[in-house]
Amino acid sequence: MVLHEDRFFDPDPAVRRVARELYEETRRLPIVSPHGHVDPRILATNEPFAEPAALIVQPDHYILRMLYSRGIPLERLLQGEPRAVWRLFAEQYFLFRGTPTGAWLDHELHEVLGVSAPLSAETAERSYDEIMERLAGPDFRPRALFERFDIEVLATTDAASDPLRHHCAIKESRWKGRVIPCFRPDAVFKIAAPGWAQELEKLGREHGAPLVDYAEFLRALEDRRTFFKQMGATATDHAVLEPYTTWLSPDEADTLFQLARQGKAGPADERRFEAHLLMEMARLSLRDGLVMQIHAGAFRNHNQPLFERFGADRGGDIPVATEFTRNLRSLLNAFGNDPRLTLVLFTLDESTYSRELAPLAGHYPAVRLGPPWWFHDSIEGMTRFREQTTETAGIYKTAGFNDDTRAFCSIPARHDLARRVDANYLARLTARHIVSKDDARRIARALAYELAKETYKL
Amino acid sequence: MVLHEDRFFDPDPAVRRVARELYEETRRLPIVSPHGHVDPRILATNEPFAEPAALIVQPDHYILRMLYSRGIPLERLLQGEPRAVWRLFAEQYFLFRGTPTGAWLDHELHEVLGVSAPLSAETAERSYDEIMERLAGPDFRPRALFERFDIEVLATTDAASDPLRHHCAIKESRWKGRVIPCFRPDAVFKIAAPGWAQELEKLGREHGAPLVDYAEFLRALEDRRTFFKQMGATATDHAVLEPYTTWLSPDEADTLFQLARQGKAGPADERRFEAHLLMEMARLSLRDGLVMQIHAGAFRNHNQPLFERFGADRGGDIPVATEFTRNLRSLLNAFGNDPRLTLVLFTLDESTYSRELAPLAGHYPAVRLGPPWWFHDSIEGMTRFREQTTETAGIYKTAGFNDDTRAFCSIPARHDLARRVDANYLARLTARHIVSKDDARRIARALAYELAKETYKL
Amino acid sequence: MVLHEDRFFDPDPAVRRVARELYEETRRLPIVSPHGHVDPRILATNEPFAEPAALIVQPDHYILRMLYSRGIPLERLLQGEPRAVWRLFAEQYFLFRGTPTGAWLDHELHEVLGVSAPLSAETAERSYDEIMERLAGPDFRPRALFERFDIEVLATTDAASDPLRHHCAIKESRWKGRVIPCFRPDAVFKIAAPGWAQELEKLGREHGAPLVDYAEFLRALEDRRTFFKQMGATATDHAVLEPYTTWLSPDEADTLFQLARQGKAGPADERRFEAHLLMEMARLSLRDGLVMQIHAGAFRNHNQPLFERFGADRGGDIPVATEFTRNLRSLLNAFGNDPRLTLVLFTLDESTYSRELAPLAGHYPAVRLGPPWWFHDSIEGMTRFREQTTETAGIYKTAGFNDDTRAFCSIPARHDLARRVDANYLARLTARHIVSKDDARRIARALAYELAKETYKL
């Protein structure tokens, strides 16, 4: 058996016994996926997936970066013949030992796709054929999988200017799956980026009026939020290098906006403009009720030559140390005392868990802690998150789990891993008589299901 | 039974057996409390405590912040009718599951106050009545509890200008309990703070002369230290945002002092002035033997609107990243090689444990590591502290335990929890054959009792 | 028995059983020591070691700093009569309980030197005599120990201007031990340091031409690299406060070089010059194939008065927070995509493991993670390293173990401890069904032996 029934549980019998029990409590709960990057097109068209390399290897930046880091050229992975790509992946599969990517892949291959033997150079061909066979059947169409995965709701992540055609198509079809958008206006906030003017134009087009000044720009954002909300959105998302927030005067905001329109905004201008827009977003969230998410601390496209050749999201983003206490003070002083606002914070800098994030969530009514993100969405990473936040923020100021994935077929794997790790964490607390088993059971359900629904108003 | 006999111990039998043994070695040792915030008035007057909400809920910023963070208005907690406050607290008691506050409260309620059933909405009324009954009896007067808690010495924390009337009153009464002050001159160091002039005046009044220049100001500080020492103090304490230290010339020190007197000192002035005064404090410590404590890294009153309505110490202080290596260099180069100085360092930034603090303590004769502070005074926090400092600083450059509490009745809970966690840490070392059981027993006693006495010269 | 057979293994039977098996797999593998500070003279001359204090206490900055930190003057340790020094050390031996230094010393004393009883005040004299007796015999000569330790290769660390006489002498002797140099040009990079001119002159002397401009300086570095390589070197090493990298124009590089020659270079000049030279070193590494190591983040000689009296390497170096993501970007964008470059990164700031280093190694083909360094070369430190890097960088982007020691007789202790800790880490993964036992066995061999050979091209 490739997937051990007790995987990820501590071997101590007193812990493992309780971990199993708690996991039994949550393993069959529906999946709530309030933040992720699945392409809504696949659920709109419901076309069959093409073949294993395109399904599993090529869109997954976790896989690409690990193979690339061992000297395998991205050309071979992205432009190779599908079976050759799959063979290469299978040969290098040992690299994923001990990583969450390996754990997700094992689940995806054996549990979701029914591959019979552990992946390796020897089993590459057979597993390719097995997957091809599965993908041909109606049970492996995206919507069928959505239902089999028992996804109660799936949020995508969409640009402010996105017309949400796929979401419309899903709504208009008879299918009952709940797929909702999330409003992510990053591209129009980054006024020093080369593509900003183009992004602004797209936004203006959707808005139906040219965005010639800051006031109109802000109206466009507000209108788009309304449209997203009508389409089912319950949240916005903001990816920033630093979570800096500050109010600008209307004049200064417009000055920066006009500078940007002239193509003259620099990084310092962008920093202030973005800081001000985060304030505006919080203000609008209070009004329209959309939950606000901040994902801070990724230095995007760190590898410039690679970015130029292969584009974004190939595994070349690297975290930086991140400051929340001073940076968020303006926003929290203005809006953080209002329990109607929900602000979910994500970090790539684990040193902020106990130092800044748990104290902020353990004080401000508006703040919730997002689950361990990206590199930290892992067995040890989740364990550290719980151990470093629970004692200060408690359980009920966390936001439940996000799978945050682009890889549709990895969704069950990610939720299963999170439920197992949380069950094990709670079993450790129980075995040390820190919480009772009854409380642990209630907390397990909250972490696996209820907190995500509550936080994201789903 | 609400409190499990083996609580906080690892479930592994090889660890738990030894943890129990080590805990047995320390559980009945007297309590040495070298740093905390108990109001000396309660021991001076020895009046009975009023009722449960005023005793337990309202003065405890750990409790207030957690309830506030879930959207409960502070008005309801601070200005509500006592029984209503208690009911609200009891209803929300589940929020404290898995937190040290919850562990302390359980101990306080069941072990100290003899409450019979776990606190919840259902048991709110009964527990209120039970506590009221206890508080009415002579055994629950502050001094009786002090004796029952077996407190050998209790240090309070007092402003430089404090006349120490309650300490005098305790001395003058026939009662033998040892309650000593600690010299904390922060308020007169913060020359950019709005209340500085007032604080300076208070200091001048106690000193008996107006503080018109820096030289006189420094003399006042020196005199107050002498007075505090006569009153039993063995230590000073300094709360700073950054632990920056540097010598100013006497001229520059006086220039800043005069600027402050004119109400013109800004944050940069304050930073330099405070850095210089830390040097002066170390210099005076070498002379008068007072142990010097630095508590660094709390951004006080982060929540400005809340501070304006409800004042300080309501749970609105948030930590920031803290730098010790460069900041303390001036002080340590000047005084750190002298083993007559004892400098106890506290941090809210756990990333400094292994990176800066343990290396500093493992080198400079003057440096000791204070125990995990505030948010980190917890099961996981203490375990991380030991695991991240012992290998570099050893055991004997740490300062034993501080309860650091304002909540008098929580003192035994806090020491008990620390003794359990240290016993468990040592049991893990023993079970892995890193230290022998005999050594572990000696170390357990040092951590629970001896190191606090040695470090603080008690 | 002083050394327990199962030391450092978790007590849980499911973990311990596997840890033992995995350790059995690696305990007898030869020692590969690709980075360290053993003085090559001892192997060139092969003279007997003098006596215990000079062998064990006086050259070990870990021991000196711990004793000094408890108030023992360095004079007593460095200038005392050998037996008195040994007695003092033995009396204070309890300070090392729970530290890796203690674990290494126990191994060295009992396993390498055959001391019969645990070291303490009582056994000080007897142990001294026992060691003296051993050192007198031919089996305890350096080369005999080198063979008994089963060292396959030992790298020293040598200044750019070092003529490598001892390495020549070893080559010219008939002895087959492989002792190779490592090129560490730090002294000529630090243009603001007082001794720079002297260091430059030494380099010019070895180079055979005066270094009057930057171009000639660079040629000298290139020539010395060639010479080191001929003498067996496979790596360079660079100790920097910050790992800052940037290209200067040839003009600016020469301007800074000339400024330095006039004794006018300041810290900011040094920072830029060093950043540029790291770029040059990477460029040359691509050409000559030498592996590039960066050891970042030690604030050297933090204790100025102690440094002035006793010199460097007495335990007065303190780590600082370190930034890799932004600092290394220039170097990695220029050379990091080329798998022919190997760049091994070391940190003293553990918060960078999961935040910056594992993501960098898990993406850039050139980057490898050096093992936990210095203060973190310890049981808990190594465990944290694996737990915080494996999930993102995997196992195969790490560089195996470095003992990094000046203490020749501690080499087996350090490798043994690392093999035990890694075996235990892998046993934990196995017991949680994260890796299979077969995979764990393969990984254990890689960590103990193969990865060091592969990374350092040995």
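We call the chains A, B and C, going by the order they appear; numbering starts again at 1 in every chain.
Throughout what follows, contacts are C-beta pairs under 8 Å (C-beta built on N, C-alpha and C of every residue); 3 or more make two chains touch, one makes a residue touch a chain.
Note that the structure is predicted; figures quoted are calculated from it, not measured.
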- Message: Quick check for you: after a Cα superposition of subunit B on subunit C, what is the rotation angle, between 0 and 180°, in steps of 5?
- Response: 120
- Message: Validating interface symmetry: for the copies subunit A and subunit C, is the fraction of residue numbers used by both over half? Same or different.
- Response: different
- Determine the centre-to-centre distance between subunit A and subunit C, using the mean Cα coordinates as centres, and give it in whole Å. 40
- Message: At least two partner chains per residue is the criterion; list those residues in subunit B.
- Response: 12, 321, 351
- Given the complex, residues on subunit C that touch subunit A span 12, 14-15, 321, 323, 325-326, 329, 332-333, 336-337, 339, 351, 354-356, 358-365, 367, 387-388, 390-397, 428-429, 431-435, 439, 443
- For the complex, which residues does subunit C have touching subunit B? 4, 6-12, 65-66, 68-71, 94-100, 103, 299, 302-306, 315-321, 348-351, 375-376, 378-381
